[in-house]
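Below: a set of structures, written as C-alpha cells.
Two complexes, one shared chain (chain A), two partners (chain B, chain C).
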Partner chain A sequence: MAIEDDVLVVGGGLAGATAALAAKDADPDARVRLVTYKQSTLRHASGLIDVLGYGPDGDGPLVDPFDALVNLPESHPYRRVGVDAVREALSFFDGVAGDAYAGNHTDRNALVPTAGGTVKPTARYPAATAAGLASDERDALFVGFETLPAFDAPRSASHLEAAGVPFSTRGETVSFPGIDRDDAKLVRYAHLLDEDERVRTSGRRMGARTALATAVDARLGEESRIGFPAVLGDERPAEVRSYLADALGVDVFEVPTGPPSLAGMRLEDVLFDALSDDGVRVTAGVPVIDYELVAGGASESDGDRIDHVVVDRHGSEIPHRADQYVLATGGLVGKGVKSDRDGVFEPIFDCHVPQADDRYDWFVDDVFGEQPYARFGLEPDRDLRPLDPNGEPEFSNLRAAGAVLGGYDFAAEKSGAGVSIATGYVAGTRAAEEVSR
Partner chain B sequence: MSDAERSIDDAPDGSTDEFEPIQVFPEAEEMDLRPGADNCYKCSTCDTNCPVAAVDDEFPGPKFQGPEQWRLKRQDDRDVDESVMKCSNCMRCDSACPSSVPLSQMHNTARGEYVDERMSKRSREYLRNRMLANYRRLAPLASTFPRTANAVMGLSITRWIGEKLLGVTSEREFPEFATETFREWWETRGGNAASKKRAREARAKRGGDADDAEKRIAYFHGCYANYNTPEVAKALVRVYEHFGYEVLVPDQRCSGTPMFANGMLDDARRAAETNVAELAAAIEDGADVVASCSSCSMSIRQEYPELFDFADTETVAETTWDAVEYLRVHEDLEAELAGTSVDDEFDSFAYHAPCHSRNQGLNGQTIEVMSAIDGVDVHDVGDSCSGISGTYGWKAENYETSMKIGEEMFEHMADADAEAGLTECPTCSMQMEHGTGYEITHTLEVLEAALVETGTDE
Partner chain C sequence: MATDTDVLVVGGGSTGCGIARDLAMRGLEVTLVERGNLTDGTTGRMHGLLHSGGRYAVSDRASATECIEENEILREIAGHCVELTGGLFVQRPEDSDAYFEEKLEGCRACDIPARVLSGREAREVEPYLATDVKRAIEVPDGAVDPFRLCVANAIDARAHGARIETHAEVIDLLREGDDVYGVEVRHDSGPGTRVHRTPGSTEEITAEYVVNATGAWAGRIGAMADLDVEVRPSKGVMTIMNVRQVDTVINRCRPKGDADIIVPHETTAILGTTDEEVSDPDDYPEEEWEVDAMIDTLSELVPILTEARTIRSFWGVRPLYEPPERDTRDPTDITRDFFLLDHAERDGVAGITSIVGGKFTTYRAMAEEISDHVCEKLGVNASCATATEPLPGSENLEILEEGMDDFGLRSPIARRSKQRLGSRSREVLETDEANPVICACEGVTRAEVRDAVSQSGSDLNAVRIRTRASMGNCQGGFCCGPMANELHPKYDEPTARAALDELIQERWKGQRHALWGEQLSQAMLNYALFATTMNRDEDPADAAEPLEYAAFDHGGR
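Let's look at the complex of A and B:
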C-alpha cells in the first residue's frame, strides 16, 4: 500500500518548508509530509528574507517593498496571491523564525552590507547581521581571514564606503586561530567556535573564541562594531557572537557570504526544527519521479486529479498518496525547472512552461538585460494551480510555490525569499483548507 | 555575419538535421567517473555535510576526494591522495549533492586504487584494516568458543595489545559474541520448512489466503545480527511470520560495507558475487530481499550496482528493502500497530537515524512507525552523524575524531527524555552505548514486542 498523508509537499527549500508549515498551521489535524531530494538552494542562500528590492524597471533600492507590489505585472506571483497574502505570509515567517530574525518592526527595507561591499535591500535579516545595517551611523571594522578568500575585508570595506554608507569603514585581515590549511571547510571554522576547541596560537593553547578575540583586539581602533564573514558558529551562533562582543567590548555582526553559506544553512535549521516540532513528516534524500492519476477522476473545469506520486528509493518505487499536493522543487538552479535542446520543462508532472519556440530567443545578448530565461517557470491561477497552455489548471489537486513559478526575475528584483514564503504560505494553506473541506 | 555570431549547431547549409553529439573522450576501458566530475559546479554543499571535515584538520573534504581528485587523476603522474583514507564512508555527501555527482562511488574507487597501489601489504595499517574489514572471518572462530572469546576480548591486556600491535583503539569494548548464532538458532528451529508452516498458520489466522505463495522474503541478516545480536534477527523472523511471510535465509557473506570503507575492493567483490548469486536465486524463487542492518541494505541497493556488474546485480539491488520499509509498503503496518502496546522496558527511547538510513530516505520512518504504538515515546536526536562509521572509529588514529563527531549526538541523547537508545545500525549502536552508557535496542525488537505474542517461539 501507499504511504498515506493529507498534504504532500515536494521540495525542501524555503517555499516547500513554508508550505508544509502553513498547511499544518491551517489544519493541525492534517497529516502533512514533505519529500525532498538533494539539499536545497538554501545551502547557497544569504539567509536574507527579501520581499522586493528593485521595481520592474530596475528602480530602487525601494524604500517600501509593499507599496511597490501593486505596480508589478499581473502575471507576477505576488499579484497572483495579492498584497495581503504577502503580508500575512511574512508575519507567519516571523512567527516561525522567532528571535533568529529581525526587521519586522517596519515595512521599510533594511540595507544589509554584503561580502562584495554592496548594500542589499531586504525585509527581514538574521539577528546575526542586525548590528551591521548600513543605516546605522556607527563606524565599522570588517575582519576577514587569510584562508577565507570569499570575504576580502579591506576591499569590502572600501567598496561600502564608495557606495556612500554614512559611516567610515576599515578592513583588516587576520589568520584564523586553529586553521592551518588553506582549504579548510567553512564548517571547520564554525565548529572550532561552536565547541570552543583548544587551539595553539603564538605558542600558547587557549579556546578558539578567546584566541580569535585576542587576534582581532590587536587590530581594533575606535570602531564600536565589527563585521565578520558568516562563519561564527553553526550550532551555537548567538553564544559565539555574544562571547566575542563581550570580549572585544563592541557589537559583533556577520556579513552574508556566497555559497556555501552558513547563514542559509541556519535558516534551513530553523525551518526543519519547526517542521519537526509541528509534526510534519519529512522524507529526505529520495526523489519523486512520477505520478498516477485517479482513474476517471478528471472534471472538465478542474483538470485531472493526482492519485499518488512515486518516490524512488534506490530502485524501489514507493507510492505516496495524499489528497492535496504542493510542488516546490525550485527553479533552474534547484532543478525544479530543467531544459534541454528541445525545450524547457518541469520534470515531475510535466506542467506547462511558457517559452519561446526558438531557443535563441531564450536569452538576450546584454548579460544584465532582461533575460527571458530568468522568468522561466510555471504560470499559476490565483489559487496557485499551474495552468496548461489553454489557461486551465493542469491538475485539480496540485499547487505550485517558490522558484518553480515563472513570471518574475528574483535576481534582478531581489524577491526570491519573499516569493517563496508568500506562495508557499498560500499554497500550503489552501491545500490544507481543501483537505478539511 | 561573423563566425562568432552564427550558432555553432546550425548546419552551415541551413538544413535542420538532428543534432549529433560528438564523442570527445574515447570509450572508457576501466571505471571512468569523469562525467560525474564534470557535473560538479563546486557549490561545496558536500563539504558542509561532511562530519569529518568539520572536526579533522587533515581531511580536505568530499569535493576534493571526489570530483577534484578525478580531474587531477587525468594527469598521468597523479596518484590518489592518502587523505582518502580519512573518509569515513558515511555517504552523506551523496544525498547532499544538488548535481547528483556520484561522490561515494568516487571515494570507494579512489580508496580501492590507493590501497592497491600505494599501501604496503606488509604495513601494520594494511593488516589491521584487512582484519577489521574481514571481521566476519574471525567471527565464526569466536562464535565457536563465545565465552572464551568474550573473556579474552574483554581483557585489558588484549585491548592493550590490540592498540599497540594493531592500532585498534583500546578505548572501546569489543562487542560480545552470542552463545548461539542466529543461523544455529534458525537451523535448530527447523529452518525454512518451519517458517513456511508458521507463515501458513499466520495467514489462515489473519483470514488471508493460507496458500498465498507470494508472501515470501529472503533475509539478509549480515554478520552482526548473526554473530552478535541474534535477538534482532529473531525479531525480524517473528514479525514477518506474524504477517504471514515465509522467511528464507540464503547463504551469505559480508555485505561489503567495511571492505569498501577500507579500500579492500577485491574482498568486497568476492563477497558481493556470492551474495548477488544467492539473493538472485531467492528472488527467482519468488522472494523479496529484506535487511535489518541499514548499512547492509545500503550496500546492496547502491554500492553493488555502482561498483560491480555481475549478472543480476541490478535486479538484486532493486528487489532489496529495509525490513521496516518493506512492511510499511506491503502491509498496513500502522493500522496493525494501532492499539498495541509494549512493556515498560521500551517506554522511551532516544532515536538516532543512521547516515545509511538517511541516504535511503528512511530518516523519519522509525519515528512515524513508533508513534503508532501505545506507550512508546521516541525522541529524534537530530541529524548529526554518530561518528563511528563502521570500522572507522575502531582505528586508534581516528578514535578522537570519531568521538568529536559523535559529541553532538551524545549531547542530544543526554537532553532527550529517555534513558535508552534506539537505532538500526550495529556500529551506531556501539557508539551510542559507548558515549552514553545507554542500552541500545533495534527497531525490529520493539515491533516484535508490540506485535508478537510471547511464548510463540522458544
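Let's look at the complex of A and C:
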C-alpha cells in the first residue's frame, strides 16, 4: 500500500510549485501532489522574476533577455527546454501571478533599484516595485528606517546617482512609528501597517499608516515617488501602498530587501494559493528520504523506473507512489545538492552531479569570478530527465527542475527565477502528458 | 614631507604595538608604522592560545616559565581580551607514558599549576573527547583575542602621545654611513587613518632610534639598509570551526607534530597547526592537505570534528630565527625564544635594532626588554609600567561589570558586546540613537561598529578585527552591506563601496578552504545575495560605459 498520485513533485520552491501547477494545467484530471520539507529559499530571494540579465561572457545588462537565450551554451537549462518553452512558461507564470506582478507588457528587461543602490535587470517584478523602475525618469525619494540597517536610504540614493540613473535621488532616514525595540523582526513592521495598529508618535496616538505618512511627509520635497524597504505590509501590501500614496500624493514603491524577504514570502503565498485553488495536494514539513525501484522495470534506453518514494513523517516511513516524479529540491542553498569533503551529490536519488574530483577545483580566487561551484547540479536531457555519467537517463519517470539542475550560474546571469519557472513548467507539463498517455 | 620622532617602530603586530605602548608610557615620542592593518602580519594569524607554558614544559623550560609569568600578567592587564578556558594535555592510548610524565614534571618544575585527570574525568570536562582518551594534564591555558589585545596596546600608545600609522609601508631605511636615522614610508591614503580613494603620499620620518619589529618580514626591512637578518619564516595553517566543540584548550600530549591543538575562540574553535619553512612570507602555497590534516588528525582527540562545519582556514607565518651557527634543519626544532639584534654590535650600524623570534603570549615581556634597550641607547632613565597598568578596556573590570546595565540590548548581544568592550562598554554602547544589530552572528551593534570606524577610517577589515563583525557563520553574507552602510555619510558613497568590495573579497579568501557541506551552501547563498539580490558583481557605477537606461522597460511611462 502507498499513497497514490499521478504526479509527485518533490520541493516547494518556485520550480516545484510551477511544476505542480503546470502538471495540473496540462491535465486537470491528474492527481498532483507536492511534498515539501523546509521553508523554501524564496524567503531569501528578492521576489524579482529574472530571466536573463547577463550573457555568457558577462555582457549586459541585456535589454531583451529572450533574444539572448540562443547564445547560451547547449548545456544551459534554457537551451535544454528551448526558447519557445521559456516564453510559454513565463506567460504561464503571468497567469498565476495575476495583478501581483508586472512587466509582461514588454519583452524588455526592467532595471530595478537594489537595496545596495545598484540596479538589477529583471523580466517581471512585483507590483509593489513597479513605480520604482530606474528607467522611469521621475525623481525619487528613498526612505529608510534607523532600525533597519540593511537599507541605508541616503547611501542607496547616492549610489544610484553614481550608477547614472536618469533622475534625481535623495535618501532620508526616519524612525518607524510603533517600533520600540531596535531588534524588532521585519514582519513586525509589516504587521503594524497591515493592521494599522495604533501607535504613539510625538505624544499623540494614531494609526501606524498615518504616523508613517506624517513622518515621511516632513521629509518629502519635489519628488513624485517614494521608495521604501520591502516592509509595506505582509497580508495587505496593495492596501498599505495605496494608503501611503494617497496620503503623500506620490507613487509609492518598495526596494527589494532581505533576507528575510517579504517580497519573496508574498510570492510564496501567491504560489501556494494557486496550488490550493487548482487542487494540488500539498504535504508540507516532511522530507523525502528514499525511493524504491519497480522490480524488473528497467528498460535499456530509459533507465530504471521509480516505483515509490519514502517520506519521513515524524519518524514513520510513508511510501508515496506516483506514475511520474519531478525533483525540484533546489541547489546548494536549498540543499537539493549537497557536498562533503569528497564530493558533491544529490541526496535523494543520488543522481549524477558533474564535478571536478579535487575540491580545490570547485572555486576560483576572485569571489565574483567564474565559480565552478555555482554551476553544480544535475545535467538533464531535453525532456529534463537527469542523466547518468554515460549520458543516459538515470530514471525513466524522474524529471528535474530549478536550481537542482546544473550548468548555469544563476547569480552571475540573473536567471534563477526564470530557469525555475521554465524548467518547472516543462517538467510538470511533460510529466502530466506522460501520465495521460 | 618630513617629520621627526624619538623612536620609530616598524610593524603593527603585538611586538610593535607592545613596544610603542611601553615607550610611550615611559614618556618617549613614538611613531609606529604598519604596512597594512594592525595585526595583519603574524599576530592576526595565530590560534589565539594564551600559553600556560605547558607546551614548552619539556623542550624549553625557560620559555615555559616566561609563559606562565606573562599568562598571569595578561589576565590582570588585559582581562577583556582573555578567556580563562583552562587547557588539557590529552594522552591517547598510543601516546607515550614517559612523555606524559615528563610533561607533568616539567610543568611542576616551571611552577605551572598542573593536575592529572583520568580519561573519565577529562571527558566530564570535555564530553566530546574520544572515548579511548587515557588521561590528561590540566593546565591554566587560556584563549586570547590577538586583534583586541593588539588594538588595545595601540589605543593606549596613542593615548600616551604615540602616532600610529597603518597602511604606511616602509619603502626605505634612511642610512648615512654607519647610522640609520629614519625611514621613508608610503601612505596608502593620507597620512592619518585610511580612507579609500584618498590619494596617498610618501613621508620621511627621522628618528633617534629605529626598531624593526616586523617579525617574518624583518629580513626584508633589514635589507633596505644592507643589514642581514636571517629570519626563517615558517607557515602554519589554522582551521576555524563554526561552533566551539570544546570549551577548554585541547593539546595532544606528545612530543611534537602537526595538528595537535584546538583552541576555543569566541564563538568558534580553531584547529592548529602545521610548521613548514617558506621562502617568502607573502607568497606561499595554502594547501588542501593541510586543512585535511587538521580535521583528520584532531578528530583522533575529538571525533565529531569529522562531521563538523568549518567556516574558513587561514595561514600564519612564524618569525622563527636562530643564530646562523646553529643550523637546525626542522623548523619545529627552532627555538621559540626571541632575539634582539642590535645592529650596532652585530653589524657596526648604529640607530637600529631588529626583533625576531618570540611568541605572542610573551609579547609584553619582549616589548619591555626591547624598550629597556632603546632607553639605554637613548640615555633615558624610565622604568616599565606595562606589567601593572591595565589596557584600555580592562580597567577595574570586575567592579565595572557588576554595575553595568545592558544598554537596552537583548541578553546575548549585551553580554557579547560587553565581553569585547570591557570597561569601554558604557562609553561605546550608551547612546540615545537607535542601536540595531549589524552582525547577528557575532552580536555586534551599530554603536560598536561606529566606534571602530572612528578609530580606523573607512577600512572595514579594521572594523572587523575590532568588533568581530563578519567573522561568524555567514562570513559576512548578511552583514558586509550593513557594515558598509555605517561608513556613510561620514565617508562618501564611492568610498563605502570600495570598502565593501574589499571586505567581500577578504571574507571569500578564507572560505575557499572550507568549501564543502554547510559552508559551501553558505557560500552559494552569500554569492546569490551579493550577485543576485544586490547585483554587486555588475554594478553600473563601476562600469566603464554609461548604462543606457532609456532602452529598458520604464513601466509604461
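FYI, the second predicted complex is superposed on the first by the 437 of 437 C-alpha atoms of A that agree within 3 Å, B and C clash if a C-alpha of one lies under 4 Å from a C-alpha of the other, contacts with A are read in each partner's own complex, and residues count from 1 in each chain.
Methods note: contacts are C-beta pairs under 8 Å (C-beta built on N, C-alpha and C of every residue); 3 or more make two chains touch, one makes a residue touch a chain.
Quick caveat, the model's predicted, so the values are computed rather than measured.
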>> Taking the superposition on A as described, I'd like to know which of chain B and chain C A:Arg219 touches: first, second, both or neither.
In response: neither
> So, does A:Glu235 touch the first partner chain B, the second partner chain C, both, or neither?
Replying inline: first
> Touching A:Arg108, do we find chain B (first), chain C (second), both, or neither?
Replying inline: second
>> Between chain B and chain C, whom does A:Val311 touch in the aligned arrangement: first, second, both, or neither?
In response: first
>> Quick check on the superposed pair: does A:Ile3 touch chain B, chain C, both, or neither? Answer first, second, both or neither.
In response: first
>> Looking at A:Tyr360, would you say it contacts chain B, chain C, both, or neither? Reply first, second, both or neither.
In response: both
>> I want to verify the contact counts: of chain B and chain C, which reaches more residues of chain A?
In response: C
> After lining up the shared chain so the two structures overlap, which partner does A:Val286 touch, if you call chain B first and chain C second: first, second, both or neither?
Replying inline: first
> Which holds for A:Met265: it touches chain B only (first), chain C only (second), both, or neither?
Replying inline: first
> Touch check for A:Gly331: first (chain B), second (chain C), both, or neither?
Replying inline: second
> Touching chain B and also chain C: which chain A residues?
Replying inline: 44, 183, 259, 335, 341, 360
> Can you list the chain B residues touching chain A in their complex?
Replying inline: 7, 19, 43-45, 47-50, 53-55, 57-58, 60-61, 64, 95-100, 301-302, 305, 314, 317-318, 320-321, 325, 328-332, 358-364, 368, 380, 404, 407-408
> Which of the residues in chain C come into contact with chain A in the complex?
Replying inline: 288, 292, 295, 408-410, 413, 433-438, 445-446, 478, 481-482, 484-486, 488-489, 492-494, 496-497, 504-505, 508-509, 512, 515-517, 520-521, 523-525, 527-541, 546-547, 549-557
> In the complex of these two chains, what residues of chain A are touching chain C?
Replying inline: 44-46, 50, 53-54, 58, 60-61, 63, 102-103, 105-106, 108-111, 114-121, 130-131, 133-138, 146-152, 154-155, 158-159, 162-166, 175, 182-183, 256, 258-259, 261, 331-333, 335, 338-341, 358-360, 362-363, 365-368, 371, 373-374, 410-412, 414, 416
>> With touch defined as at the start, can you tell me which chain A residues reach chain B in the complex?
In response: 1-3, 38-41, 43-44, 178-181, 183-188, 190-191, 195, 235, 259-260, 262, 265, 276, 281-286, 311, 313-316, 318-319, 334-335, 341, 360
